[in-house]
Each structure stands twice: as structure tokens, then as C-alpha cells.
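Order as written gives the chain letters A, B and C; numbering starts at 1 within each chain.
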Amino acid sequence: MIGPRAPSRRALVVAVLAAATLALPPVLPPEWQSLYVFIGLYAIVTCGLSLLMGFAGQVSLGQAAFYAIGAYAAAIPAVHGAPPALGLLTGPVVAAAIAAAIGVPLLRLRGHYLAFGTLAFQLIVLTFIAEAGDLTGGDIGLRGIPPLGLGSLQAVTPVQYAYVTWLAVTAVFLVTRNVVRSRPGRALRALATSESAAAAAGVPVAAYKVEVFALSAGYAGLAGAIYAFFLSYIAPGSFPILLSIQFLVMAAVGGLGAVWGSLVGAAVVTLVVQLLQEIGSLPAMPTQVPAVLSYAVYALVLIVVMLLLPSGIVPALTARAARRRRDDVAPTEATAGDDARASRLSSVL
Amino acid sequence: MPEGSEPLLEVHDLVVRYGAATALDGVDLAVGRAEMVALVGPNGAGKTTLLDTVSGLVAPAAGRIELRGRLAQVPEGRRLFPEMTVEDNLRLGAWRVRDRRVGPVYELFPHLVELRRRKAGSLSCGEQQMVAVGRALMGQPDLLAVDELSLGLAPQIVDTLAEHLQDLNRRSGMAILLVEQNARLALDICSRAYVIEAGRIALSGPSEQLRSSPEVQAAYLGGAYEE
Amino acid sequence: MTLFLQYLAAGIASGSTFALVATGFVVIYRVTGVINFAQGVFAVLGGFLAYSLLHAGVAHGLAEGVAVLITAAIGLVVGLVALGRRGTPPLASLIVTLGLAIFSYAVVITVWGDLPISYDGLSGLLAIGGVSMQRQYVLIVGAAVVTFLALALFFGRTYLGMALTACSSDQRAARLMGIDVWRMGLLAFAVGGALGGLAGVLLTPLQPVQFDSDVGIAVNGFAAAIFGGLVRPVTAFAGGLVLGVAEAMVAGYYRSSYETAIALAVMLALMLWQASRRGPTEE
């Protein structure tokens, strides 16, 4: 599939990207720095969701629940005096553990039922957080979360958080790449297209599904943990259903199962929404404009992707570009391969 | 096929695909007015696909279908609406035509009169097949396509139903396209037949001729055919 | 004891609106195989439309009726988008309806703003057997029951309704009869829109609605519909009532913040129970 020269070219691209990622934070204008952090956090969550949908063929409308669990699991010990850096461990571990526990029954549901089940799970988590006031600060939220740090080393500025975040992004992408390329990963691919065929081929379908679910929850938990330290304040209202939908939109834009797609999806959606916020907050605009615009964008992206570009927006665009490039050489062969490789969102569903 | 008159149904070079798999590959077939034609072939040959394409349920990839009249299909497995009554099932058969009177069907199958208020799902297979045929007749077809008339039915019931079909054909000139696993039965009651194999018409011709062809005898009639 | 009866009355009233929403889910699901996530939106829009009509001076009754007709038309539009491309898999349609639900937020905020609204329903109390209850409760329950019976007659006795039932029972057979399953799906969406809208106009006087109230309404309706495995309207209706009463009791005797969590837990438990009994719940 990949030509002999491809890996080195790829390595070069990755190296350039990595260098740019590292060089960027200090030179960004201050108001962009936190945006940069958020793009990284969302990319982490989206990568997990995209893995879950594209590889395990399972939909989650409650991914923000694990983001919330990670945030609280990291923040609560830190508020009580534990070293904050520990939160980077407790966040993802608790989220993954809870996902593994509920995944066993929950993933027996399919399709619509799983969609509603995951949504219900998030609403229950939010209710629990709001009610367990002693632990979580309830509706009012948890204040005074200490900055992320180990000993005297502390992350305080957005630039520092940007480095922490993008380090996490790198780790998550490496893990994901290995999972995807491993034997179980290839088996999972089969799972997304036909579960019964995978089961017939001896793939332990149920166990794999739970594992990917837990992994994706762990990613969300890690991002949530960083989020909690970055903002130093979290509340149930920070994790609405709409946030889950936003992750779904990012995954849809990026194309499922595409590691890089999740980065592009997170970046594009975050930037577009930010742009809309800025347009909406121009002096002459009524106060509701930003909200209206972002709802409209989420809605239209979901509808258009589902109906017209089921392989995701990024894969659709790259396939088109590839088609144009290869038009004079091998007109149909190459693009057919691309299309077949891109997980079709609608077929996953 | 009778010379001169335009056939009721003409299928030319029909190709049907399900995704990458080709189910029909260049099928030609015709049914004349008031003709009884059999379509026989092994499992998965494409018989149901052909009927579904003619009925408009499946879109062809290539080819031409000309239907000069109304068609109704008795689907494989009967597919009644099980939670509805027999009479409601029959009435739904008339969705395309204005006339929803069920009297004529009851005249043909008097046995159904006493079952009219029963749920279709509670009937025996033979009774269900009567309802399925009756439901198709409610659409006042010029061509009745019957998919697997004998599937799962006792031999006497099959004979009765086959007689009814022959009767319909003789008395009202309704053309019949009969898809059958039971080639013997199909060749007995139809004047012409097509043999379809792996999406292609392998043989066709008058029933007598096919009956005596060695291939047909070996593959479908289980050895020599006795009168 | 009277407290209990009052909770019971309140529960039956809100349960009746869940039942209406649930019936909408069932009607659409049976005919199209799509779970319409925008089912709660119909209720929200019904409430807002009735609110505007009432403020424009339209009389009670007429305003609600027109609002319900408009939500039926909106249901048709939702169906057109969700079923727009033939062959769209049902779960992709679910995400499309989810997209439409979010789109409705943009519309509602643009037209009506982001604050909750309400209007007066029937005022006054009605004493039945020593228990006094709000007239609005009685209206809600009555309207829900009448609607449900009318639907049962429609689906069981009219030719068009039978055709809809045929589509939900066996699409292939229905298509062979010449029934246009796609159009019937649109009709089902319109019926679902009307049912959701009716729930909304009845519910708004009891609890104010805002642009994103649809999630709670849809979750309750879906939980009720799950009682009947999404296909049995009578069980779904009963499920709505059970859920409404259970939530009212929890809210009354314990804490109101837990009432939705109860609905959700019940829904999850039912889904898991069904999945373990029948094997995979879908496909």
C-alpha cells in the first residue's frame, strides 16, 4: 500500500509539523494561546471518539461525560492536597475504569439504543455531579483547583499548558497509531464494517469493543484533567450534552478512524466557532448571535456530513484532491482505494 | 408466445447488481397476454431478483423492461401483514386500484369467508398462500407473478392452488409468471418455461421441449420424466 | 394521603405528555425505522408557537390547534431531511435528526430568544372524589387519551392508516402493493410532529419551556417508548404514565433534581434487559 519512499516523506512531514507545533505557542497572540490549548484537548477527545466509531463501530453521544469524569477525578484529589500532576493519571484512569465497567452492559446495546444509552449516561453523570455537592462542589462547581505541577515545577501560563497539552496529543496519537496497526486493531477494522463477520472470524468482539470504549474514555479523561487544571474551575455546566455533540461534529469533519483527521476536525471546528463568536460579538450584534451561529454550524455540519459526505469532510476533500492530481495517470483506481479505506460514518452507524 | 400480439411483459438484456455482486446478467424474457410461463432454477439463481426488478422494487443497472399492463406479485414466503385481519390484508392489495370490494376473491376462495376476521398470522401456510394470491388479485393484475407457490405447502394444497391459477388463466385470460423450485409442477401447468442459472437464462422454450431435454431432466426433474 | 393523590395526579398529567411524545417516537420508528431525536423539538416549538399565537390575540384552543398543525408541517420537513436520500441508514438519520434538533436551537433563539416562556392553561381546580386537582391536569389527560384512541382508530380502521401499519409490518410487501413507503414515512413524521406539538402546548402551562428543553422531553418520551420496545404504542403509552408517576413521586417525596435521572435509569435498565433477553436489540 505505502510505497517505499513514503515513510521517509511522511517522517519529514511529521517532523515539520512537530517543530511547528512546538514553535507556535510563544509567538501566538495571547488570546490565541488558550485556543491552541483547546484545539489540542479537543483533538485528544475526538481521536478517541473517532477510534470508537471508526474502528469499533460504536457511536457515543455522551463522550463529554468522560471528559467531565476525568476533570473531576483529577481536580478533586488536587484540591485536597494531592500533587496536581497525579491528576494526569487519575483523570484518564478513572474515566477508563468507569467506561470499562459500564461498557460491559452498555455496549450490548446497538445503534440507536447505544446512542441513547450513552446520552443517558452523560445526563446521569451530570446529575450525580450536581448532587454530590460535598465531593464535587455541586452545581456551583469546584473552585481553586491548583495549577498543574510537580514540586516547584508548575504550569501557569497558557503557553505552558499548550506544551503540556500537545505533549499529551503526541502521546495519544502514538498510542492510537500502535493500536490501529496492531493485530487487534486490524481485527477492529473488520468489526466496524461487519460485526457478525468479525465474530465469525474468531475476533473477541465484545471484549474489543469494551477495550476501545475504555481507551476512548481514557483519552477524554486525560483531556478533561488538563482542562480542569488549565481553567482551575469546573462545574456541571462546563460539560453539557452539546459538548458531546461538538465532539461528534469534530469526528464527523475529520472522518472516522483517521488519526490526523481528528486533529483537523478539532482545529477546524474550534476555529470556525471562534470566528463566529468574534463576528457575533462585534458591537452592533445582538447578544445571541454567537450562540445562534454556532448552533447553526454544528447542525449543518452534522446534516451535511451524514447525508452527503458519509466518509467525513476531510477524507472527502483529500479524495477529491487526490483524484485531481492523479487524473492523468490512473483515473479511478487510486481514488477507489481511498474511498474504500475511509470509514464511512453512515455505514458505521 | 402467440405470434402477432405485443407481449405483456418484455425484459431485454437486464442487468441487476447488489453492490459488487451481479445477480442478473443480461436476462431476456417475455410473457404474452393470457400466457402461463414458468421460471425455474436453483437457489440463488436470481428468480426473485427478476420478479422484484419487474415489480419496481429493485432498480436495474442496465437493460429495458416493458410492461403493457398491471402486474401483481405474490411474494416468496407470502409476506402477509400478520397482525391484520385476512380482509384487511385483501383490501390493502387494492391500494393501486379504486375498487376495494373483496367479493370476487371470496368467490374464488370460499374458504376465506369464514376466516375473514382472523389475524393473517394465525392461519395455516396453505390458507396464507390463498390470502397472498387473493391479495395480489385485488390489484386486478393483467400479469400475476407468483414466487414459489409450493414453498412449505402440502402437495394437495399445492395442487388445489395450481388448479386455481390455471382456472384464472383460462377464464379471465390473466397471464401468469410462475417461479418454482418444483420444476415438474411448473412445467406441467405452464406452456412455456425459462431456466435461469447464476443470473443468466440457460434454456427456454415450450414446456414439452424442456421436459425432454436431458439437462433439465438431470438437474430439475430428478431423472427421466414419466407421464 | 391527599399529598400522595396530588403527586399521583401531577404524575399522570406529565406522564400523559410523555406518552404523547412516546407515541410519536413509536409511529415514526415503526414506519421508517428512524428514531427521531427531534421529537422533543416538536414539543418545544409547539409551546413557543402557541405562546406567540396567544400573544397575538388568538383565542385559546384555536392557538393551540394551529400550533399543533404547524408542528405537523415541521414534522414533515424533518422527515424530508432525515429520509431525504433514499437508502440513508436509519442511524445516520438519527444523527441527522439530532442535527435538526440543534438547528432548532438557532431558530428558536433567533425568533423567541433564549429565555423560558410559558402561558396560562386552564385555570382553577377541579374536585374529584375529594381530591382537588388543576383543571389543566384533567385537560392534559383527557386530550392524551382522546388522541391515543383516535390514533388507534386511524391505524386500525382507516385505509390510509392501514397502509401505514402495513409499512411498519412488512416494507417489502407494502411496496409490492404499490404503497409508497417513503411518502408514508413522511406522513408518519407529520403525525409524530403533531403528537410532539400537542404534548408541548399542553405541557408549557405547567412547566416553562426554553430552546433546549427538548432533550429532557425527548429522553422521557424515548424512555416511555422503550417500554414497548419502540414498536408497541399501547405499552409506550402506559410506559409514559408509569414514568410520569414515578418521577412525580421521586420529586415529591425525595428530590426533584433526581426525577430525570430516574427516567434515565429506568430507560437504561429496560434497554439492557431487552438486549439481554433478545440478544442484540437491533439488526
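Convention: a contact is a pair of C-beta atoms (placed from the backbone, for glycine too) under 8 Å apart; a residue touches a chain by one contact, two chains touch by 3 or more.
Bear in mind that the values here come from a model prediction, so they are computed numbers and not experimental data.
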item: Arrangement of touching chains [line / ring / star / complete / other]; value: line
item: Highest-count interface - the chain pair sharing the most C-beta contacts; value: A-C
item: Identifier of the chain whose CA centre is least distant from the whole-structure CA centre; value: C
item: Rounded Å distance between chain A and chain C, as computed from the means of their C-alpha atoms; value: 32
item: Inter-chain centre distance, chain A versus chain B - centres from mean C-alpha coordinates, in Å; value: 54
item: Where chain B and chain C are represented by their mean Cα positions, the distance between them in whole Å; value: 43
item: Multi-chain contact residues (two or more partners), chain B; value: none
item: Interfacial residue positions of chain B with respect to chain C in the complex; value: 55-57, 72-73, 75, 79-84, 88, 91-93, 95-96, 100, 135, 139
item: Contacting residues of chain A [partner chain C, same complex]; value: 59, 61, 105-106, 108-113, 115-117, 119-121, 123-124, 127-128, 130-131, 241-242, 245, 248, 288, 291-293, 295-296, 298-303, 306-307, 310, 345-347, 349
item: Contact set on chain C toward chain B in their complex; value: 159, 162-163, 165-166, 169-170, 172-179
item: Interfacial residue positions of chain C with respect to chain A in the complex; value: 35, 81, 84-85, 88-96, 98-103, 105-106, 109-110, 113-114, 215, 219, 222, 255, 257-258, 260-261, 264-265, 267-268, 271-272, 275-276, 280-283
